[in-house]
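Since the structure comes first, as structure tokens, the remarks are kept for the end.
Note that the chains are named A, B and C in the order they appear, and that numbering of residues resets to 1 at the start of each chain.
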């Protein structure tokens, strides 16, 4: 039996008895056990809380642990909150760094984390990984983090699943946040699955709503499922952290306060011996087509199935330009090959939150609506007056878009 | 590469699957082609089946989780005018025995799938999502297999059974059957209305699991030659109303408008009150009757079910006739395989089987029924109103002597119908059933 | 090459609804289909096999009914299928699912070492995109998500190079085999099964492995191994619809009414500027 630096008596695994069944890994409430590179379980003594669960479940008696101690603790272990021994505290946010700057979704999540932290009476924690990310760590504080944990190293300059996953999982084990939020970008979704698996944590993807349940203090994660037809509220009772990814532009960006103070902790970079992959090239969307992402425009004119006609696009284009926006479309238009996937709005396309969203010939099925609900104003133009889009549009025109759009362009020009 | 099978069956409806079951029972390898993603995917039939006919194919169907909706214990016939109607009903304890399943309702999407599963378990191959686009023939024009829309999609078979329904593009394309003329086809629309099981039990005065069918004639079809039905399913009612396609064309009435009128009729409205429309669809039905049945066999092929226009206009027994004709086709094929002769003369046997069965008997018996309805449009127009007037007069208590009322009724009836026309109607009606 | 595809049977999400009165999922009559992204994974596996030879094994976790998607895979040209089916697997979230699939892949690898695992980038019912990374992490395979193109595979030197979609662009990644790829729809257009292979798939046996067969630990599979639970489901919150105007024969009037409503909100008006069509970076159609 050995003690860790916190003075907790921790479990140890006898390597040559271990059969790598991974039971202990699944049972460990704090994710202190990992399969080592030699293919046996290994207890991280600094993470272990000395609960003895692994001792109890090991089928081959490969865990060294003092029995008396275990019994005592395991009684107090019943229920959701007694599972620790070590306290999980704080709402953490992964600050994603892409091409040297932070992904906006990360700051949006800090705003949400502040709300949750207020209810849990705890701190907001930021995790920043990358190269030369000191400025971004400062920004994280300005947007609302109380503590920022940072690993900044040249080898972290490019995202790779395995090194990032391992380092972030280790940071989590060290800091022990109760809640951990990650932006549901490509990178974030790639990373979240790795971290959750390493921690044995519960992970809920693409949440559109996050709240704290008053009675239990648990995180309630609401997300669209079944193609957006259903909202499911998911919770995670027994594992920590409670992990969740959130799509960009679902949460509001908080105000930046340049005078805000916080703690920044710099963590050592430990090289990953076996990264398994390397990035050898990158082609930016912007470079290839010379256009911004549709999500960055203040206005979008979206052609739906009812306006899936290439001869109408110049007219829609003119309207979009007039509004300072660009053209977008729905899935049928992409499928017909008339616009590229990059312009698709919807559950399987992009989530957008422009100031003005003009839906032309868009029926407005729920799969579409979930991706535009962040829009400030929605204008619907559709020949079918029963189209669901009218139920969500701030204002609508029923009729033939071929006649309406020219009138709209004319009148908008008069307004200028 | 071409696969070789004994029998290729086009269509996994009741006719095709019945044939597949009988063939598989006799150890003959049959492939059934279904254009839908699963059997029943394209089927919207009203869904009344006869236990007697199904038991010929699957004797113990009621023990094999056959998806029966309700066992029919009561049949009603309505003759409706615009605002009212006559109802005749018959219920019998004999129909209540759950095991008997004399007549029962099914949801065809579920039933067809179950039925096809039975055939698969017996050893038939049911290939879904595959459209038969053409028939293969040898130099003498004999059918030798099918061509499908899949890569390497030809399949050789000793005999092909066409059972792909009323609007079979294949039958039309191959010239086995003439494109049915509008007057030989009915267009029916169907709405399924969801209601709680107990509400249906109450409204039809039936115990759980039992059901009622209602067959309806009169001016409800807006003066067109047609018929309406209401069937009870477990948790829903099927309302179906249809009329001759030629009548739709001349009267310029839209099918769904007719359905809406039907739904608000004082006889029907209370039954569906509070229900939620769950499905709406339109469907063709063969209406030809005995005179228009095409040649049902030829060198290397047979035709069964709706694609053979085997349909009893009066009793709406298409699914049942389809099953029986499918089974007969299979038996004919079994004989042909034994003789190793798939020529027209060998398959002629199919016709005699049909002729000796109730199918042709019934079709013959009712051969005058369709012309009868066609020649007496008053059945759908003025007659129900006159009869409604009669009943309303007789039942209205207002101090008028009955004799005076009878005179008034007779006068009203004669206003639109000459005496000779009425006599002719009665005589034709008697002869047609 | 030994390629494994992980499949999921999903309800056709376009048909799923919620009953507003009982607040329960209406799943009656909804067809189960093969997750469309997984169909692309199968197609890609078959193409790799056509180029490099080898064998394709397809696995799915689910009830016995899920064997239909395995048959579909057979009709498209895969060699072997395994259905992971056990009551103990029920109720699995992505953590338990990735464990179960990883254990099955380990077992499959005992016979022929695994070179590639292909998964759809996400399932259309849950859209989580977590199972693939979970499997890769557990197996310590190279993780390549959102793959839109495979540039080359070098089985001798155990390397693969792919293009994967990342935020704002496409990244080229060189990775070691074995690798796990999650695939985008545009990676490969699925073929239509030929008639002979479709017929063969109907006759093919579908072996079933239970928890014991893959030596899975009871507490790590199914509901026991799933930290996340669904507490409730509901319909998406409605957004209030505003007025609608009929264009009819006078679109000008309707447009005027519409703009009046839109710009009556003074805060919106002050925040929103018409550019008059001067932004040049919009692609011309």
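Criterion: a contact is a pair of C-beta atoms (placed from the backbone, for glycine too) under 8 Å apart; a residue touches a chain by one contact, two chains touch by 3 or more.
Just so you know, these numbers come straight off a predicted model, no measurement behind them.
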Labels of chains that are neighbours to chain B and to chain C: none
Chain at maximum distance from chain B, centres defined as averaged CA atoms: A
Chain occupying the middle, per Cα centroid: C
Whole-Å gap between the CA centroids of chain B and chain C: 42
Centre distance in Å when chain A and chain C are each reduced to the mean of their C-alpha atoms: 18
Where chain A and chain B are represented by their mean Cα positions, the distance between them in whole Å: 56
Contacting residues of chain C [partner chain B, same complex]: 29, 31, 191-196, 198-199, 202-203
Interface residues, chain C side, partner chain A - complex: 11, 13-14, 16-18, 25, 93-95, 98-99, 124-134, 136-138, 140-146, 161, 165-176, 179, 186, 215, 217, 219-220, 225-239, 241-248, 251-252, 254-256, 258-259, 261-263, 265, 268, 271-279, 281-285
Chain A residues touching chain C - in the complex, by the definition given at the top: 21-23, 26-27, 57, 98-99, 103, 159, 161-162, 165, 185-187, 189-194, 196-198, 200-206, 220, 224-239, 276-293, 298-299, 310, 313-314, 317-318, 320-324, 326-327, 341, 347-348, 355-356, 366-367, 369-370, 373, 376-380, 385, 390-400, 403-404, 407-408, 410-413, 415-416
Contact set on chain B toward chain C in their complex: 1, 3, 31, 37-38, 109, 120, 125-127, 130, 148, 150-155
